[in-house]
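Have a look at these structures, which come just after this line.
In what comes next, chain A is part of two complexes: it sits with chain B in the first one and with chain C in the second one.
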Partner chain A sequence: MAKSKESKKVGAVMVVGGGVAGMQASLDLADAGYYVHLVDKSPAIGGIMAQLDKTFPTNDCAMCIISPKLVEVGRHLNINMITNTEVEGLEGEAGNFTAKLINHPRYIDLEKCTACGECSRACPATAVNEFNERLDLREATYMTYPQAMPRGFVIDRSICVGCGLCEKVCLAEAINYDDKPRQTEMEVGAVILAPGNGVFDPSRFETYNYMDLPNVVTSLEFERILSASGPYQGHLMRPYDREEPQKIAWLQCVGSRDINHCDNSYCSAVCCMYAIKEAVIAKEHAHGELDTAIFFMDMRTYGKDFELYYNRAKEEGVRFIRSRIHSIEPEGECDLLLSYVDDQGELQSEVFEMVVLSVGFEVGEEIIELSKRLGIELNQHNFALTDTSTPVTTSRPGVYVCGTLQGPKDIPQSVMEASGAAAASSALLNEVRWTETKIKELPEQRDISEEEPRVGVFVCNCGINIGGIVDVPAVREYARTLPNVVHVEDNLFTCSQDTQVSMAEVIKEKSINRMVVAACTPHTHEDLFRETLLEVGLNKYLFEMANIRNQDSWVHMSDPEKATAKAKDLVRMSVARAALLEPLEERMIEIKQRGLVIGGGVAGLNAVLNLAQQGFEVVLVEKEKELGGLARHLHRTIDGLDVQKYMNNLIEEVQTNEHIQVLTEALVVGFSGAKGNFTTEVLVGPGMYERKIDHGVTIIATGAVEHKPNEYLYSEDDRVMTQLDLGNFLHENSKEAAKWQRVVMIQCVGSRNEDNPNCSRVCCQGAVKHALELKELNPDMEVIILYRDMRMYGLLEDYYQEARSKGILFFRYSADQPPQASRNGDGLQVTFTDQVLNRPVQMSADALVLGSATMAADTEELASLLKLPRNRDGFFLEAHAKLRPVECSSEAIYLCGTAHAPKLMSESIAQALAAASKAGSFLAAEELRVGGAVAVVDPERCAACLVCVMSCPYGVPRINEDNVSEINPALCQGCGVCVSECPGNTIHLGHCEDDQISANLHALLEGVI
Partner chain B sequence: MRLRYPTNIKIIKVPCSGRVAIIHMLKALEEGADGVIVAGCLEGDCHYQSGNLRAKKRVIYVQEVLEKIGMEAERVAMYNLSAGDGPRFAEIAREMTEKVKELGPSPIKNAKKLASKKSKVEVAA
Partner chain C sequence: MPVVEQLLGLAGVGKERLQLCWVSAAEGQLFADYVTKLSDLIGQLGPFQPDDFKLELAAVETVLKSTRIRWLMGMDRQITEQENVYHEKMDSEAYQAIVRQAVAEEYEKGMIFQALADGPQSVREIAGKIGLPVYTVSLRLNDLERAGQAEFHEFEGTTAKFVRMAA
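Moving on to the complex of A and B:
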């Protein structure tokens, strides 16, 4: 990594927008050695995801999975969170920009605010709570949501009456009514735009009566209704009378796929899935039977394992009705009447108690203005203009984009693009990596092995959060009587900056070697106090926290006496455990500065090239003779990219890059080592000579294959072909194709069936792409597409619309009545049941084209060598479907392209960049911290019984050369399962030893018997 | 969320419910706890992949041991809940407290004629 002094580039990046995409981009870049300014216009980061209740398709609680990210961003030494701030302008060029910001006043000093919440409780003014989608009220002095980051309050001066009550109750003296807007400037090398998007405002739909009917809500309002921290505390209630509804309808495509009421012709890409999720979760919340009905046009469950989710919802009784509802009429006191035409053509009317409008994404005025100020071009729908081959690059060099400003998309896709945008920035700024970042210098750790335990106890009042309920002085005096305690004090706020300073002094002065803080919760504050220990030269594991707020004063408010007694119990328990705490060693091991990418298709090539542009050496292993993978058989993308030209350039760039070594006809036959230090054995070339490659990270990009159909006369009749075959035919024989009079296409061949239940995502657009091409060749040609649902998600909808306007005919068939292909003499005939006429239609065809499934490549051997799990379809499994879409369950192994799931070329490229970003961040650290709270085997006593080997959920323990079990500290996750299973009691878990747990129990139950 | 639950619930933090060994549960009872809750992630959703299933097996084993020695097996219980589900935690805390109250003080304490002491419930999470 050359660090050129002459370079004018700046090693810092500005990320605009702190939603899930902005947070991910910030974390990737900060880990990769760039200083990040994360700018958000609201008082807290988190974006729209923080408002969601659960997330599809795993039904994970959104807050549970986003909150660790919030904390990580908040704590990162190299992320500077700038909230309440807007970007006014951007001058300069790629590598060296000057950003102009306007910082709006918060009226509460974040440096001083401890988030105790007294100000908000004292505040007499209330306003509509935007976070809860206007379903309830909040105070003028407020925190956006309980887990908000930065952890601090804000005053909404537009409704503040200036009574001064909050100032009076704020013991931290954080209130500043005279706060003023400020203009600031900063230098950055690159900019990532992740401002997110608004949702469509349905009040524009007069016939839906959203403004007048209280039980008509938007999907986002419904998320808040379902949320445990929402306006109804997670109880399923309708707004009108707070009664539990028994019948709820969802109306799809509200503000999407609509050029009648609005100009949003695109599909919003997420609403089908979230509506299913909401229906399923609502059923879980309901106390009785809940009738749920989703009114839709095409069910677009196109993502990884989405179809399974859809099928499950059907089994659980969610009704799916294919109809677009025209209007919502009031019925009775507060019920709602929907009329529709069913599959049989009959007019139906149904009364619902609640209607949820599945509102789509819409780029708001504010974002359009922001884009203008930053000088980036937008497309016809006001999403940022990007190309298929550069999906995260805007029209302005050095400015990248991710998330829903790039186009409508779900969370995993946003997260991938965020990492992709980070990778693109890192490739631009590689030469100035680590030039703007901060490093914490720490003193050497004091050896305490010869010392007796000397425990210091700090009891926090947390303003009045603890002190108002628990008798803190009594707890403090009680702590003084406990064994090994040499110092006791109580603080107004133990976490405040001045307390950290005085704490450090007293630790030195009284030679304290174990610290107990009785306060809020280790979840948010453990790291802060551990940091204080490190700063005075003590090992961070010599710290223990007694949770006397979240697990005591807050939950036992009505019984101060018992709460005080419990606080004493908890402090006694912590002091007993603290005396037994041991310093744990963490050591640094070097990371091999090389990447290995397996698979040389469009994803692998992009991953390799970006890693090389980031300055790392990379080896690309491809099993075929030629690079290019499946993309070698593609000629044009739907938006007109010449794929072969693009691939030739890409391959040339890869082959001529000095950091890249390409091995073709290379087969992976061995894989060993751990994150940071892998060794892969490869057999190369026709001679099968063996190569061993040492590398620190691995990227899997093994691709997918097209399913070879065994139905519809495929391989019996030359006129029957797959979409891939048709693409080749059009490329080679377009004159022949132009002579065709009628072409029939059949969708979902080999997918969405029993053998392969998932949707292949790309076949609908493949059919439309070729249909349009055929129409161009011969406008008189009749092109017929037989489909089940047209899954033209996101901006692809434009092409679906274009196809219909050009006269391409779409007929829907149902899964239980698939079309038939037959030969009649020389003729080729297709028969299908028309859903409108409800009778069979027969027609001849010059060509029958099958939208054949995308199947996982054969990776069984590779998966077993690398010990990587795959899903039932054979696609590699990511670490988390939502927030870790490119990481494998084993660390430092990443995943991209169709090896993960079927996807478009642009999506593969974004994911390839994301994998390269993760790999680059990992390598950039150069060293890896191992050890700490991990399991260690005592070799003297190990009987090699294999219980640990079998019980470890990660397969880490192995029997070594000395015939005893060995646990690699770099791989151990520290769960302690093996420790508790080991029959010989020979495995220890650092920081959670048996004697420490026993001490907890003993102290807690002291005096009971 | 500050949901109320009885004060007799005291929590001992472990990295994973899979760290809770048979000996820990038995020791808690031996020292005089009236009940033990092992709280793990939802099944299939374990933060450490499968530790909660190990814990479940051990809880069942301890329950069998209790029955054999003539103690009520319900004094030890495994609960599965997501870390974000505060209301469920409060519910479990109340449920277990009620159950233990019904059972009365642990016979181990009775044996030592100290039945007057307050009930205590341990939680490992």
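Moving on to the complex of A and C:
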């Protein structure tokens, strides 16, 4: 039978779920040339991250770091946000799906809603506020949270009585009671599932009395309590009586690592870190001395810099008590009694004023149903079923998964997977890139250089946000009297669509060539108004904004007279500056359509292959003769992947791909250029012949190495080996290994000590993996693992359980009493202090296996050539730990694999795909817009004093061949430091010229000075 | 009337203290019977000292003036006998339950608002003054904060003090 009709692939992708992962995937894809439909069940995107106060390990404010993403998603031309919508079905196949959606009515027209909040203030119906985890109430007409995107309100029909009051008070006439559910269909080429998960509901735990005791809260409730936008405005208070607690306890593993109260045997991977974070932040908020105690089983601080975070918390006085609490009993009126058995076997009791339950992830019924509707398989814990070597691919081709539905994980891991899923989609759809995307056609910019300034002033009422305090008509009339003003008007909402249209008309009619809007903050709408100017043929830098809302009406609500006077001052300042604004040129430079990947291990190979599949030319540089990196020494992963087979296939795919050029025995010796235009010099092969490669992006995948221990008789006795050595031994000589009667393994060798305070993340699972293999070889063998914490995070926990049930013995040792290895004649002995017996135990061993640290590869030279910073342990530094885990601070240079930090192979693969996604998105644009509000040196007056070179925080100015300073407009960030430092006043910053700033100040002080 | 009765009950004044009866000029006997019944009732109830209920009555007044309660009361017949904005008729019992819940919440908020007239107080101090459970005060105070009628003032040690905002 003939091949079925080849239907053309669709260059659009549906992303299900608008949390941090969904948003990241959407942005990557939209930038890469695909149209994205971002569907979310809630009225607003943002997910759980929007509920968090701070994020570990940087203690950044969660909302501060996702707000830019929220705004970018909201205004991206190629992202279609579809909220209040669920996916009912998905038909078709990879490249060509038809998605069926059901859009639930919002009852408020987002095109008209200006988010002024009047409807909410008037609404008489209340319900528990889910965003604040039921700590307080909200109205039926509400906005999920203040920074919600899409910006607007929604009516919760389940509690709305239909009284009609909101319609009466809505000045924008946005209420629409006749809104109905709508069923729609969409054609997409790929689907990315990023729906996230709920957290465990602890009301099932009768002994925790969660429902009866108000001072027992979940960790998410505690996040809301700490949050400045939460019910207590960020003051540390407990729900019962709003007192500041002086003693708080965290109970770990609530709803995780539990097969008694629930079936969640897995570890939720994030709770140890978030409990430490909450304790540390709570101490910051507290007025008095706050005592914090975390009750745990294993402290799973396994990520990059997490161990340092744990150590700092201990120094700050956070108590860590290794015990799993059984019950929380009421004590007195509202306090809580916890009883536990300590390390010495003594029963202890402590009274706390508040208890936080560290609840884990749980896949809820709704998500299970969604997965069924989308036709993807789930594993035994209801997380999406994926493969080690394809961590973002589901059982259904063309449907990818990322974030916590893939498995419990933290934000950086979710963000990496999201980009990885985008890369996979891009590879699938690369032949239809740019076919569904929208492009904006803009008219030619008119030349205003000969014109006198003609300023148009638009004063906004912002509903009653401004107009209710500031006398807007008075401000408008005042503006009429200012110099150069040819038009004034006031609007109810200057940002609304219809106002943009009328503004464009007025600008043309009155030949306005400078626009001043007196309204909210530029952060909200500056881009919108600049777009309006572009659409009418004016340069976007001819726009000025006066903030008479955030900086005036909102903060001077009690004094309308003074607020009005201030608004007039602000408008006067803006008009004076606006008259001096000049059009600024931006130009397009070409992006070299080639990528360079440095490092040919698992990460490098996956990155290079995906970039090639996305349709780009790539060069892979590997310093060894063989490709494969560390994976050449691995045989099996803990979930059974045959590593050598996988690597051989991967290497073959790379070598036979026509878009990929592989250079082995190649060393990078030179690196220059900037984003989009790099030049790298490489010496290749034993002959060391020079190659010059021009490329637009760079990916660092230089990997890591296993630490060779200098303790426990390693290198002194053949029976002492590392886990990597054991892996090889088992592969080559399993018969010998089967004869062993007792194997002892020691964890944390070379990690978590003074020289290397980090955790190497992979050694615990490495030990368990080999322990299980040994038991398989010889079930009678005694296998003993000496550990400090068993860091079997996420779905690895099940292997830990399996190991224990197979009789593998686990003994804990403390850092101050490490085990000892010694020889007794021919015998090898290990001595350690058992915590339960509290006495030394000596064992003979046929083999001693050391869980040795993973250290960064030697990249000192490369790092200095590329000017890439590394942390004190030699791992490359990413641009931002949470939100930019694959980007370096230098643009167009990306990072993946163990060069970033120790990680599992599947995690390296996900990160490699993420780097390829980012690199691909950058290359796909083909051109780069540079310039505008950047610094420019006047070469005639420059004395080459080097002050600008030294003061630039981005290292941009350089002395050129003419011996004067030159600033590359592609790299300048427009911060203005060099401008203010230059002793000759020779550098100018576009859009912030001296005369403009001067005019601003003089206008402010008119009549005063 | 049910709203007022509920409020007087919550205030501890008792709903019988307020009586409403419609009598026309032609119903003299009815009027006489009614006054007799009322006199007996007053005799049973005994004297009423408004000063003992200053706080409670002020709270009752706040509730009756609130937009929320007035709008809910005003829309009652429309929503339960004809249709609401979604062209649906709501079950009268269900609507009454919502109104009762709202009235109870507004009364508690009103009491807290009145109590705060004396200056910055903690949740426990307010609870002690108005005789409501501590946790209830905590929740209702939060509602007042949300509406901008009360605000956190400062910590005295680890005790949070709250103040009320000008209307």
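List of remarks:
We take it that the second predicted complex is superposed on the first by the 1002 of 1009 C-alpha atoms of A that agree within 3 Å, B and C clash if a C-alpha of one lies under 4 Å from a C-alpha of the other, contacts with A are read in each partner's own complex, and residues count from 1 in each chain.
In the analysis below, a residue touches a chain if its C-beta (ideal position, glycine included) is under 8 Å from a C-beta of that chain, and two chains touch if they have at least 3 such contacts.
Predicted, not measured: the structure shown is a model, and the values here were computed from it.
Within the superposed three-chain model, A:C163 lies in touch with chain C and out of touch with chain B [touch as defined at top]. Legend: residue contacts after superposition of the two complexes on their common chain; A:G198 is shown touching neither chain B nor chain C.
In the overlay built on the shared chain, the residue A:G92 is in contact with neither chain B nor chain C. Of the two partner chains, neither chain B nor chain C is touched by A:P757.
Of the two partner chains placed around the shared chain by superposition, chain B is the only one that A:A228 touches, whereas chain C remains out of contact. In the superposition on chain A, A:G931 makes contact with neither chain B nor chain C. Applying the stated contact rule after C-alpha superposition, one finds that A:P214 touches chain C and leaves chain B untouched. The interface of chain A with chain B overlaps its interface with chain C at residues 233.
Residue ranges of chain A in contact with chain B, taken from their complex: 60-61, 63-64, 67, 146, 228-229, 233-234, 522, 547, 551-552, 554-559, 562-563, 565-566, 569-570, 573, 933, 951, 953-954, 973-977, 979-981, 989, 992, 994, 997-998, 1000-1002, 1004-1005, 1008-1009. Per the touch definition, chain C reaches chain A in the complex via residues 67-69, 71-72, 75, 79, 84-86, 88, 90, 95, 98, 102, 105, 122-124, 127, 134-135, 138-139, 141-143, 145-147, 152, 155, 157-160, 162. Chain A contributes residues 121-122, 124-126, 135-137, 157, 161-165, 167, 177, 214, 231-233, 235, 237, 239-246, 287-288, 333-334 to its touches with chain C in the complex. Interface residues of chain B, counted against chain A in their complex, comprise 1-5, 7, 10-16, 18-24, 27-28, 31-33, 45-51, 54, 58, 82-87, 90, 108-109, 112, 114, 117, 120, 122.
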